[in-house]
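For reference, the structure is listed below as structure tokens.
Chains: A, B, C, D, E, F and G, in written order; residue numbering restarts at 1 for each.
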């Protein structure tokens, strides 16, 4: 999955806007929602991993910094 | 020899004595004379001298007589000396009261009864003024009088900062000389001097020329004297007249080496004092002046030294402080600087940590928002589609029913129309159908009188024959 | 009866117009009226059957839709 | 059934409009209504299936998302 | 590590500004934070060593200066 | 060391000003402080030797002047 | 006999003025102070010496001073 969060989020927002404007036909609605759910899943995974990573880095920084 | 008439010397002298006595008796006279050949015997308090009167033109005496002052006269002389500050001595002009005394052995002499100090004073003062006037007016390049002061060439010479080589004019045996050399050599500060003595009498008739000669000798010696000191006297009263002399005064005024006087004058200032570079009252004072002059120089040196030292110390201390300040500044500032950077780093650290967290949080929030949208919106969409469908169903129902009703209406319209037109209904209204030969006639043109017609009415069919035919103009209906 | 409602209705309208304009002679009136009443009968029958049919379909639709 | 909801719904709307405008002849009314009922049936089916699908996706999303 | 404090600090500030402006995408956020943590570590090390050095120099100066 | 006090002091002032204006980078701070400490040491040495000399002269002055 | 009281005094005054004006740098201060003390010492010695001794002092001074 070479996808970026930015791209995924942009697509997700696009889908949300389309659905909100009811400019999505019933024919593709399920498909769109499916795509959205995938994008959300991807974004959340990415966010969680980033959060985890950032937390680890911050924790390291703090252990390094605090005794000084 | 016997023919000669003679008397004894004593007889003659007796006659002279008698004549003098008869003529002058105890008469006393105020006379003006100059004193000469003066001797004073302190043990019996007697003065012996001569009264002289000089020619106006030359210095030679034209009259001369012995004078004496006994104890009473001597007391007057003492008062005179006290009052004038001038010794009763050779060369002074006096106004004295005398009586003539004759002695068979010693001859005639004038016994001084009284002496008028004011005359001598006036006389001396007059001479002084004349001399000063001559000096002040005759030599403008050497002497200038400004106010009461006399500025002489000698005064304009600056004394060297240190007086060390001294030429003394005076008598080496005099108290003044001893005082001077003693004071100079035994000075507290240990200053050393090189002193040349130019011996000279400082009183009496020849003193003026001797003094001038010594000045010339000093000048001609070629030695670089720092000053010339003229001293005289000591404790005793002296004769100052020479120091008011014109030539000596002029010589001093123009002398190229500074002249310091110490001529033992308490009450008055001599013209020489006025012309000299510096005048002091006594030889000791002159010596003290020289020492203090040197001391002043040394003190100036010491003041400068002190200034140099103090200022140097100040400078050093200021520099020390500056260095110290620079040190403090650098130390504090370096620490401040490091701390500033530490704080900056901490700040950046915090910004990064906090903002990263808030970015993630915001993203999470956004995502949740989108998620919620996803959770709700599709249902809304399908529901609204469902509504639309339901509406359409309703539309179909309503529109179809309306459509059929309308169609029914149209058909009903025609039903009533047609019903109205049915022949039965027409007959019911009283209309009749006319037929000829079994054919319904609607046009009455071809009907002629006598034609057989069948009239069909609602209830009956009537057969008839035509009787008449007239035009119908609408008025008979 | 291959007749259509449209044709029948048109003929009916035509007859009605003729009658109304009195361009029909009394001799053919009875004939026309007869024809008209036949046409009316046809139309009414057709209308009724259509109505029935439509009502049935709608009823079916409604029964299908309502419970959903 | 390659038909789309959009097309079906458009046709349905068209039919309703025609009926409303009475531009339909009585001859084909029943037929049209029938066609409409078929379209409605299709649309509803489509809607239901889409709804079902969407619900499934949402259910999945919720199970994935909720514990986070 | 031939890096200078100045360069490191400038880069760090840049990153902080980017993060503060939320102009960093999630895709590179972890990476940026990691880089920032490295830069902070470097800067702190450098500061500590400089402080140590400065303190030593000051101590030497004081021992030299005090007895005077 | 052919250095003059003037030159040393000027350099010292320059360094102090630089550090005060924070125009010195952390990278060269320690170096600058070190240089400053050398300059201070040099200046103090120079000042002390000069002071010593001046003091000697004062001592001489006192021994010469007091007994007179 | 080049060294006179006048010359010594003038030089001394010059030195004092320079030091007073702080136009003397620390670098030459000691030298200047030394020179001042020498001049004073010379004058003081000369003041307390006989003509013969003075000549000797000056001779000595000249041999010392000339090469400088």
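We take it that a residue touches a chain if its C-beta (ideal position, glycine included) is under 8 Å from a C-beta of that chain, and two chains touch if they have at least 3 such contacts.
Not measured: the values here are computed from a predicted model.
S.K.: Please name the chain that ends up farthest from chain A once chain centres are defined by their CA atoms averaged.
M.R.: G
S.K.: Farthest chain from chain B, comparing Cα centres?
M.R.: It is C whose centre lies farthest from that of chain B.
S.K.: Report which of B-G and B-E is connected by more C-beta pairs in contact.
M.R.: B-G
S.K.: Need the CA-centroid distance for the pair chain C / chain D, whole Å please.
M.R.: 33
S.K.: Approximately how many whole Å separate the CA-defined centres of chain D and chain G?
M.R.: 124
S.K.: List the centre-to-centre spacing of chain B and chain D in whole Å, with centres computed as mean CA coordinates.
M.R.: 107
S.K.: Among the residues of chain G, which ones contact at least 2 other chains?
M.R.: 26, 29, 33, 36-37, 40, 44
S.K.: Using the touch definition from the top, which residues of chain B touch two or more other chains?
M.R.: Residues 189-190, 302, 305, 309, 312, 316, 319, 327, 331, 334, 338, 341, 349, 356, 360, 363, 371, 374, 378, 382, 385-386, 389, 393, 396, 400, 404, 407.
S.K.: Per the touch rule above, enumerate the chain pairs that touch, sorted by label.
M.R.: Between chains, contact exists in these pairs: A-B, A-D, A-E, B-C, B-D, B-E, B-F, B-G, C-D, E-F, F-G.
S.K.: Sort out for me which residues of chain D touch chain B in the complex.
M.R.: 5, 9, 12-13, 15-16, 19-20, 22, 24, 26, 29, 33, 36-37, 40, 43-44, 47, 50-51, 54-55, 58, 61-62, 65
S.K.: Can you tell me which positions in chain D touch chain A when the two form their complex?
M.R.: 4-6, 43, 46-47, 49-50, 53-54, 57-58, 60-61, 64-65, 68
S.K.: Chain D touches which residues of chain B in the complex?
M.R.: 371, 374-375, 378-379, 382, 385-386, 388-389, 392-393, 395-396, 399-400, 403-404, 406-407
S.K.: Could you list, by residue number, the parts of chain B that touch chain F in their complex?
M.R.: 188-190, 302, 305, 309, 312-313, 316, 319-320, 322-323, 326-327, 329-331, 333-334, 337-338, 340-341
S.K.: Hey, which residues of chain E end up touching chain A in the complex?
M.R.: 25-27, 29-30, 33-34, 37, 40-41, 44, 48
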